[in-house]
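Chain naming follows the written order as A, B and C, and within any one chain the residues start at number 1.
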């Protein structure tokens, strides 16, 4: 019996998977589907916010924080849209995938106009579980602050 | 004689085709090439605008509307740029392709500055005709309104 | 002995390579890594700025200009982020690759808010040297001006 060699993803395949991940991940986030969004992280996934704030660890804490934030947006009558762009994808020897990219949050109140809420830099680390990429860690820094 | 099995597109191939489509489609739109832009729709393609406005159906009506809009921008001395982002691509069993994405329209008057004209959510349905993806339907909702 | 036919890149492979290039190229530019950024151009690469300004030719001149610009941003306490989007990739018969795309520059002062500094149209020409795509020419026009 031979073990089939693991298929090595080309850059095109890996980038496509990451870009598709971001699209679905942010559609969930921005529509308030907090629990489903949290499941795009690993069980112990961690979000390291900017400004030295405490990391948010685990799907439950991630979902709770995002659900609360979405309620605030609903109350304020505001829609947020997260865009990731200039996405640099780097597979690493340990099988994880590192992504470094720009992140933009657009905010639109009812009646407009749309404003740029934040411009950020994001560093994500993905791992593959049962064939599917999951986010193990996200670190974000804001362009408007050195913290 | 055998009939070659139809090549199944990978996610990478399909995403590349859609992203390239959007680039060329919006370059045409934003440069006022209305008739050529309309030919990226199917003959009976339909655009469902936000706010409950009447759908625009068929290449001729699509081209007419876009040509008129472009003349208004020329008269106002303003350049519009349509960006699609966070593009989630879903091939369906019937051979069509559904795309759900964010849409941003940037407006730049002569002398500047650039402003965000609209932030939207778009749902496109593509069909393949003679090997080429064409847009059969686009539905757009605006972030600044519930309509 | 036979010579292996040159692998023809698919659209997906070529687009992935270009998108990855832009991500790394602009991360370098926006973080002030001027010399490393200039090495993403060919040795005699040229940047043709908008407004009829003199082209900047060669890696040394490119790096010098970008390093000076970055120092001005540091002094002003401002972060710039370059985004390329709506990227249309066209391989040409001579082996070069032409890209036509939108370019957005976001500017964020310390304390915010982020503003759209410029919306532009860019035309790039890539050549492959020792297997790696390099930028031979970039032409940029600004949406806020006909010059």
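Here is the rule we go by: a contact is a pair of C-beta atoms (placed from the backbone, for glycine too) under 8 Å apart; a residue touches a chain by one contact, two chains touch by 3 or more.
In this text the structure is predicted, and so the values were computed from the model without any measurement.
Trainee: Same or different for chain B and chain C, where same means more than half of the interface numbers show up on both copies?
Mentor: Answer different: the two copies use largely distinct residue numbers here.
Trainee: So chain A and chain B are the same sequence; what rotation in degrees superposes their CA atoms, nearest 5?
Mentor: So the copies are related by a turn of 120 degrees.
Trainee: Using mean C-alpha positions as chain centres, tell me how far chain B is from chain C in Å, no decimals.
Mentor: Measuring from centre to centre gives 26 Å for this pair.
Trainee: So which stretches of chain A touch two or more other chains?
Mentor: Each of 10, 12, 15-16, 85, 115-116 in chain A touches at least two other chains.
Trainee: Can you tell me which positions in chain A touch chain B when the two form their complex?
Mentor: Listed in rising order, the residues are 10, 12-13, 15-17, 19-20, 22-24, 26-27, 79, 81-85, 106, 108-116.
Trainee: Tell me, which parts of chain A touch chain C in their complex?
Mentor: Interface residues on chain A, with respect to chain C: 10-12, 15-16, 85-89, 100-102, 104, 115-119, 143-146.
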